[in-house]
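Chains here go by letter, A, B and C, matching the order in which they are written, and residues are numbered from 1 within each.
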Amino acid sequence: MQEFVDGLVANPSWVHYLGAMLAFGGIVVFGFVLPIAGITTWVERRVAGRIQSRIGPNRTGPAGFLQWLADGIKSLLKEDIVPDAADAPLFKLAPYVVMTGFVGAFVALPFGGPLIIADLNVGILYITAVTSLVVVGILMAGWSSNNKWSLLGGIRSAAQIVSYEIPAGLSIFPIVMLSGALSMQSIIAEQGAAPWRWFIFNNPFTFIAFFIFFVAALAEGNRTPFDLPEAESELVMGFATEYSGMRNLLFFMAEWGNLYVIGAIVATLFLGGWQIPWALAEHPVPRVALQFGTFFLKSYFWVFVAVWLRWTLPRIRVDQMMIMCWKYLVPLAFVNLLGTAAWMVVFPHGAPGVPELLCVAAAVLLGLFLRRVRYHLTRAGLKREELSYNILATERIPGLG
Amino acid sequence: MAGADAVGGERLMPALEAAAIHARLKARFGDAIGDLAGTRRDNTCATVAPAKIVEVCRFLKTESGLEFDCLSNLSGVDYPKRSVIQVVYNLYSYPHRHLFTLKVDTPRDNPVIPTLSGLWSHADWQEREVFDLLGVVFEGHPDLRRILMPEDWPGHPLRKDFVEPEEYHGISTSRESLLKA
Amino acid sequence: MGLAGFEVEVQRETRDGGLATEDMTLSMGPQHPSTHGVLRFVIRADGEVMKEAIPDIGYLHRSIEKIAEKVGWHGFMPYTDRVDYVAAMPCNQGWAMAAERLAAIEVPKRGEYCRVIATEFSRIHSHLLSVGSMAMDIGAYTPFTHAIREREYINDLLEELCGARLTFHYMRIGGVGWDLPPGWRDKALAYIKRFEPLIDEFNDLISWNKIYTERLANVAVVSARDAIDYNLVGPNLRGSGVRYDVRRDEPYSVYPDFDFDIPVGRGEMGTVGDCFDRYIVRIREMKESCKIVRQCLEKLPGGPVIAKVPRNFKPPAGDCYVRLESARGDMGWYVVSDGTAFPYRCKIRTGSFAAISIVPKVSRNLMIADLIAVIASLDLVAPEIDR
């Protein structure tokens, strides 16, 4: 970034740098972050439709692709309701705090070799810190709504996010130890393009740490099965009940955009980030494009998994969630941390053959899962035309007529 | 309760005919029980004096061989021509699978009956409903207040002579005919 | 938040030297996003743990019982659909049976078979909604849509049968309104054939899911003694281990002709009588209903579907107490006739009325999230409670 500005202006001052950063940040936010949040809603609604044997939005744009734009425009045009007895300044500020917490994480996400807004040397620590800002926003929203249900939702959410920071953070430590740096680009540089060079398969402890991190990150993002703070047959949206119009949409966008941040962090830390085999492209432009594509696919796959989990699993109750965090995930994360440290002492240059073995094990697990899926499908006796994985489908399932 | 509790196996006790149940009641309580009435199994009944209803029901519930452990239904019926409000208790026994009906008449202008909520918890809400809709006061009821109608509703709607109030909190209770030109 | 009639004390507990805490009073309802209808619970909670959950009913009271006294015997039949609009056929049947018993009318065999088919489809219909919305309340949105999808097929079948999809008005005093349309029998058999394996798929999706069973096991255990004491009926009673079903133990209509099981809660995931048992009893009952429908359609006799009942129907004076197994359990109809063309009194005792009265007892020291599970597992529907 710095070199870019230096190349453009003769004697760049801090104003030039600031301007460039703001401009670049603006492009990223409005050109990438918000559309990603919006398109994730489209993906979620179409995928949810197929899982629930229906279609999903299909009117606005081809296969309903512009539904999120329509929803955004509609929300902007809605009446801005601030409850009479609500604490107006806090009420109005809360969605922006939540948005800040989530957008701020994009600054340090590595989309490609040189494609990072700010390669902080405390990259992953910064991301963890900034995404915790949403707790403040949620508490503000829950409190200022002057609604006991919102308050309950806000407090539950705060407890949940704060609790699950611990296993998430503890699961990051093995990666940091392995790579020796907190900077996102350094972590990726330590991994390789091939799956057995990724940190997830480095040793069994990081393999388990991956799952702990993913579960903890889902909990932090208030996603099912941890969405007790926001959905429940208590009230419609938990802490965001009293919000209408654009403010409500900002909460939603933060949630869906957060999914992408989770996917991106997982892809960076555990799955090798944007690494592609160097032989694929020599020229910088296609190489960077391929890196961006790889990173995007890897992170968006986990968005899809989160959406899939949301529409499959029921909700965990608050006390069960707390028990799971403090009694199961935290001790397990500690074990992983110590295990990785011990592994690094025993195998300073990595154990030969273990990553390949773990790769094979993962492939076997995946195969077993697919076989189970096929068993269920044949047992339910559903005919071929009744199944559709195509989220662009336009017809109902053929029925009895 | 032995038969009803059994999971996967039932040890049913013998069922008694209504006449036999009535005979036992008459033997125990004498004049407080009226004659056996009714034409079929589901409506054979006997009237009971209001003052004795709790004892009769306790006898029916706890006596071995009878064991009416379930108050299946509790209804109030308004008979303005006879100036009584009749409360009908349909009792059922799960271990024996027999049923019996008791009827209690109370004067319409001051209907008071002792409560049965100490014997069967289901009576609690059913009696509240009879109180709400017909105005029968159940003595000894833990929480006798309106259940279906709003708390400040005047009158008892299910009575035959109930006249709907003109308005409720400023909302008119009648609606103009929608067929007006 | 109006609390007229509920005197709730504010308790101040001071831990020595620490902060004073108050119990929070919340009002859940009358509008809340679950499909159980217009119910209200006043919850007194210490944080998440409830001290008390008092139901407040009457929001859907439509004085159906008083309307019976005004509209006459035949005219009341459509109103019975609205007594429990989720499973409307058994309500029709209750009123018809009461009138027939008073007037000693015998329904022709084919009419009785049509009634059984309709009632069992209604039972499957209602249970699908019940288990689907229970899953949705626990947080799994997908089983609800699958249940509704199956329900739509039943709706199509019943629409072809009687013209309506929710409030059927299919049965009449003396029989049923219309005979089965041509081709309906095959469609119904094809549907049952398709539906039965889908129950297993549904189970795999949600019933044995660990998160789901953890939410429901050991929650709100109702012992058999309490269940009978509070007059819980139907799947609520069977979930507590009491093997009782009006279709088998007080047989009516042509149910003795059919062979079916009575599923009972066995405490598989927790204790006998917890929420999971009530839920799994409903799932299994759907399978049994499929069996009954199949036997019924195969043995269907010919003949008329309705007996000759005068238009100006005047049953002799008397009373009757009719019980039948609706989707929500044993529904009791106490009907008094005074010999005129208008019923003198009609009292409907429904399963949900008793079920909601047990909520304060079982929900002590549960969490607010568990109250949702309790309400859903008892399968409360507001129209039945309030009439």
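A few points about this structure:
The working rule: a contact is a pair of C-beta atoms (placed from the backbone, for glycine too) under 8 Å apart; a residue touches a chain by one contact, two chains touch by 3 or more.
All of these numbers come straight from a predicted model, not from anything done at the bench.
Chain C has its Cα centroid nearest to the centroid of all protein Cα atoms in the structure. Comparing mean CA positions across the assembly, the chain most remote from chain A is B.
Chain A and chain C have Cα centroids separated by 42 Å.
Each chain gets one centre point, the mean of its Cα atoms, and the points for chain B and chain C are 22 Å apart.
Chain centres here are Cα averages; for chain A and chain B they lie 61 Å apart.
Taken in their complex, chain A has these residues touching chain C: 48, 51-54, 148-149, 152, 156, 224-225, 227-228, 231-236, 311-320, 376, 379-381, 399-400. By the touch rule above, chain C contacts chain B in their complex via residues 4-5, 57-58, 61, 63, 65-66, 101, 224-226, 228-231, 241-244, 249-250, 264, 266, 272, 318-323, 330, 332, 334, 336, 344-345, 347, 349, 353-354, 357-358, 361, 386.
Listing the residues of chain B that touch chain C in their complex gives 1, 4-8, 10, 39-40, 42-43, 69-75, 77-78, 88, 90, 94, 97, 99, 101, 120-122, 124-126, 133, 145-152, 157-158.
Residues 24, 26, 28, 32-34, 48, 135, 137-142, 145-146, 149, 153, 156, 187, 190-191, 194, 197-198, 200-201, 204-206, 209, 211-212, 214-215, 367-370, 372 of chain C are the ones that touch chain A when the two sit in their complex.
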